[in-house]
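As written, the chains take the letters A, B, C and D, and residue 1 is the first residue of each chain.
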Amino acid sequence: MRRDTATSSRKRDHLEICYEQPVEAGDAGFGDVRLVHNAIPECDMDAIDLKTRFLDAKLDSPLFIAAMTGGHPDTLEVNRRLARAAERYNLGMGVGSQRAALENPELEGSFTVVREEAPHAFLCANLGIIQLRDHGIEWAERAVEMIDAQAIAIHVNLLQEAIQPEGDHSAVGCLEALRGLCEEFSRPVIVKETGSGISAETARKIFGAGAKAIDIGGYGGTSWAKIERLRATAPELAELGEAFLSWGIPTVVSLCEVRRAGGPTIATGGLRSGIDIAKSLALGADLGGMALPLLKPAMESEEALSATIEGIHRHLRVAMFLTGSLTVADLRHTRTYITGLTRQMIESNDKTKDPARRLHGY
Amino acid sequence: MRRDTATSSRKRDHLEICYEQPVEAGDAGFGDVRLVHNAIPECDMDAIDLKTRFLDAKLDSPLFIAAMTGGHPDTLEVNRRLARAAERYNLGMGVGSQRAALENPELEGSFTVVREEAPHAFLCANLGIIQLRDHGIEWAERAVEMIDAQAIAIHVNLLQEAIQPEGDHSAVGCLEALRGLCEEFSRPVIVKETGSGISAETARKIFGAGAKAIDIGGYGGTSWAKIERLRATAPELAELGEAFLSWGIPTVVSLCEVRRAGGPTIATGGLRSGIDIAKSLALGADLGGMALPLLKPAMESEEALSATIEGIHRHLRVAMFLTGSLTVADLRHTRTYITGLTRQMIESNDKTKDPARRLHGY
Amino acid sequence: MRRDTATSSRKRDHLEICYEQPVEAGDAGFGDVRLVHNAIPECDMDAIDLKTRFLDAKLDSPLFIAAMTGGHPDTLEVNRRLARAAERYNLGMGVGSQRAALENPELEGSFTVVREEAPHAFLCANLGIIQLRDHGIEWAERAVEMIDAQAIAIHVNLLQEAIQPEGDHSAVGCLEALRGLCEEFSRPVIVKETGSGISAETARKIFGAGAKAIDIGGYGGTSWAKIERLRATAPELAELGEAFLSWGIPTVVSLCEVRRAGGPTIATGGLRSGIDIAKSLALGADLGGMALPLLKPAMESEEALSATIEGIHRHLRVAMFLTGSLTVADLRHTRTYITGLTRQMIESNDKTKDPARRLHGY
Amino acid sequence: MRRDTATSSRKRDHLEICYEQPVEAGDAGFGDVRLVHNAIPECDMDAIDLKTRFLDAKLDSPLFIAAMTGGHPDTLEVNRRLARAAERYNLGMGVGSQRAALENPELEGSFTVVREEAPHAFLCANLGIIQLRDHGIEWAERAVEMIDAQAIAIHVNLLQEAIQPEGDHSAVGCLEALRGLCEEFSRPVIVKETGSGISAETARKIFGAGAKAIDIGGYGGTSWAKIERLRATAPELAELGEAFLSWGIPTVVSLCEVRRAGGPTIATGGLRSGIDIAKSLALGADLGGMALPLLKPAMESEEALSATIEGIHRHLRVAMFLTGSLTVADLRHTRTYITGLTRQMIESNDKTKDPARRLHGY
């Protein structure tokens, strides 16, 4: 059972580090995006409808509670509060990686509480692509059953694997495993990064394998390189974490790349307000997910969490009002200004591989 | 009469806050615009003619005294001084929102003083688009009659409505009300933002509704988000003000967008010298309006206000001289350099909605 | 004689201010230009030939001693040293404005010393375009005769005129006067700015009037707005100087614009080393002129001035060596990288007046 | 023998200065290059193959030990350690300039130790292009024989020559000498800059002369202008070093230019981690060379040097893993984002000489 304990106690470490230390790195790019003001919006702010659909689910808001925790008894309370919020506001919610509980069913309680508290919510199970490959569809099924999930997110986090002491260093067979799951599984499969973003090329592979949606998990929010550096005891690993602090595709850049592949997307990574959700939707995302900004209030109290969510909704509504968006669909047609490094990266994207060609057009 | 009192005393609050506290936010973009020097201008600086026309009015200068105040007895003296300056220099002038006096005719004195002191000036009445919708053309007529105005500015300020405690949250019917006014009204209608700017799309709607001119009211000068944050007592509203401090289209960007719609424009929002007026005109504006830079001297004395206006004219004349512009019409043909964030925003404007398309051209 | 005394003593004031106070403003753009390194230059640094031709004169270096002073007895020593350097190194040299001596022939000594000490040098007489207009070709002839000059520079400095107490505010008739001079004069006429640069449009007018060369006098070096602000006693003039501190076309931008007009050019304004001369030549200038960097050593001693000139030549030679330029003509074929604000301004230049058109191409 | 001693003791000075003082200047551009993350890399990090080929040699890594030292007895120990590392990790290695030992065979020991300690490594002899020209192919042959080298690097360092007291100021005949060598020599010839980079034009000349590869030696790493300034005793030379501190083509820019010429390249100059090697390869380099980052540990101990090399490999492997590159060849097909000044310089490259044409396209 040593391995279980390791997986499980790591979960507790993560929450503590995230609560107490600065775990963000880089810039997701939202400061480089501006929504175009609509001076005569012809809509009623109080009538703005945040309802939206995602993979057949009907949600009351495009705010998605991103996958965070579960797997250690100490995380149960946090998951309970997140679940109650998901139920109260009818939000989609992802649970954290269920690996610990799949390895050791005694740890399921911190996951099952989620469905207990959120009987009607759209829930996403969560499994690492490495575990999927190693344990097969059966684990995916058990993960979904554990919380009666409507969908499953297969997370990819190879930067973290590469730099953490317990990391798995091989991704061989992952894409094949994903394809297998997508073909045979009863629920829609979402592929989700956890802080390094998804490129245009990878998005094409993911949709090609049959996934129904992509969760960006872009660079510029919570940084696993930073968290692993804080956890690292071996100096080479601390140093690796440091060196890869700036690795990844910023959320906005990734979102623009993934959008070109055409499928549904959840923007996560560095969204810090309802305005960032509005910007994400204007750039083509279907939902805007947040982890860290919800984690802290969820560790404090139900009231703190509700206040945070309502604040996010308040900002989102004002942004929708001022862009004349009565619905989420309207918001997705809003024009944006894109500037700065984000624009340079997006414009750097579109040429062939050869850098001379790319920049000179011959 | 509770409501009247609220509207009226808010006016006094605003002046006080603007006088004592820093109420500007962001960057209107004038630092990113440079006028092209004309080394052999072939004109006489002392013969430069600042005269211009705006909506059939003959003005002695393109400096416009932007709408500021009225509605509370304490604002009368300020309006008197502004009006005397408008008369002396034959400037166009807008009064502040007349709502308080329309709600409570006892408060008319702080508006009627303007026409008394400026019998020949081009005056713009001022009414919020919400009040227009709610009270109809009759209020617009009363507003114009109150000061025997040559035109009426219908202001839009939905950011402020959204974040102020007394704010009206619905803009439904506003465009229709505007169209109705434009069709039936005897005087030209100007639509005016108050700090968030007008987009190309909105400009088309405004001219399409029959308005005769647009007053940009762009981002980068006096910030109502900032003023409302300073006034706010409820923490959520203070926090909303904070979050929307950076909302809006910078004046220069908005001006370039509105100019493409083709009608007459007043550039306001962050103009801080006669050189900024010159830049606005070179970018296509018809007048350059200022509020805050005139408010402070107007709260001090008639002499202070005259000195400020003459300083603005002195700078404007030098800028016209050094671009070889004998007249305002010449100035409007002067070439400019546009750089920096302003240029990026302008160049970000022109593609279709899809951000991938927008930036990649496919 | 009051007027003479004013003109003359102003000259002494200028030298003092330039010696003791920071009189530079802005950025000429040389930091945004990089010469392309030639790793295998195939030339001998010690054989590099700085000789060049300018308007039929044979010069031993493209370093030009820009117009500075004369007209007050205290300036005689400075002019003597500059002239001896011009003779020793066979450099072209411009004297300062000869107005004071034309108004009062007793003051000629500080100019005639130049030809006495530099019997073989290429000397440029110097007269303001306002004086040319007001006093006609006769003054130009007297100016040339005074120092037996090979050419005359007609300087334009309308920013300074506009903001100095004694300034002339009319430029009417200047272009006509210039055309008249160019038609009838025996010597080539150079038109020279003094810190605000020449635009493409103005360059076309100047060459169209018959001038043989343009001296850029661009923005980013010695700033007359700054000097006049330091001299100003009236607060409005000090304030005007302040407001126009950032007025003008940076030297590099102006050079690129003037080059498109096709004639010979001297780059002046903010050149601060031999590398800046090399960059100017690579961008198409024929000579690189310096005022302030030569003024300070010239006020100290002949040795200091020689050391400065030799340092400039040393840098220029190394830059030529490392770009593989055996001659000044080779240097003018060297490729450059242009970046930053300078590039943005150059690229902002090329469209039609309408800013929407200019940036959007429709 | 005075000259030998000078050459030789200079070598010792260089090591000391590099060890104790900050000798880097500028920015090589790697911060402006980002590798595109591949979220599902489909490879096993532990199976990543760093093996590569360069000029028929089979190397175990694209890390190249750039030419540094030899020629003074005190440098022997450093060369021994570098050689042992080259042997242990099967890296390519260049020795420092062999001039001192060619001038004075008694000094050969610090070079011959390299082959003794690295009997199987790919070694590059090193000779200045000036020495090649002055002493002919015979010196090149002796240099190669001295260490039984597989190839010879002919270094060019004319910036250093221009600003160092002992510098040779003529490059006449160098290209011819290079052509002669390439035609007659039994081993492949590499041309190598030492800190100022190679332009597109020079690359074409070099490959045209018959060289088999180019070592970029770009700007932004160890700066010889800085080292020479620190060594300089004559104030004019210190001042020259200072003035040319910013001279040179940044490594990334140079690499993009040289790549367009088509031949094999070693990227050196400012590479500071395995990630920079990965970026260099993604931009088209064949090997990534480092000098300074290896010099310091090599001066300390064999262990320190091994730890440094393993750290570089660890970073390189993670970067390859996260771009899905199982081999060096894969890495060379990875897409990059290029932004900032580096992108501006690259995009500034491609037009004809005329700056107006270059930027305006007419």
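Quick note on the criterion: a residue touches a chain if its C-beta (ideal position, glycine included) is under 8 Å from a C-beta of that chain, and two chains touch if they have at least 3 such contacts.
Since we're looking at a predicted model, the values are computed, not measured.
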| item | value |
| --- | --- |
| Self-contact between copies chain B and chain C, residue sets same or different by half | different |
| Computed distance of Cα centres, chain C from chain A, in Å | 61 |
| Distance between chain centroids, defined by C-alpha means - chain A, chain B (Å) | 43 |
| Residues of chain B touching at least two other chains | 349 |
| Contact graph of the chains (line, ring, star, complete, other) | ring |
| Footprint of chain D on chain C - complex, ascending | 34-47, 256, 259-260, 273, 275, 283-284, 311, 314-315, 318, 321-322, 333-340, 343, 346-347, 349-350 |
| Footprint of chain B on chain C - complex, ascending | 129, 156, 158-159, 162-163, 169-175, 178, 191, 193, 196-199, 201-202, 205-206, 219, 236, 239-240, 243-244, 247-249, 253, 341, 344-345, 348-349, 353-356, 358-360, 362 |
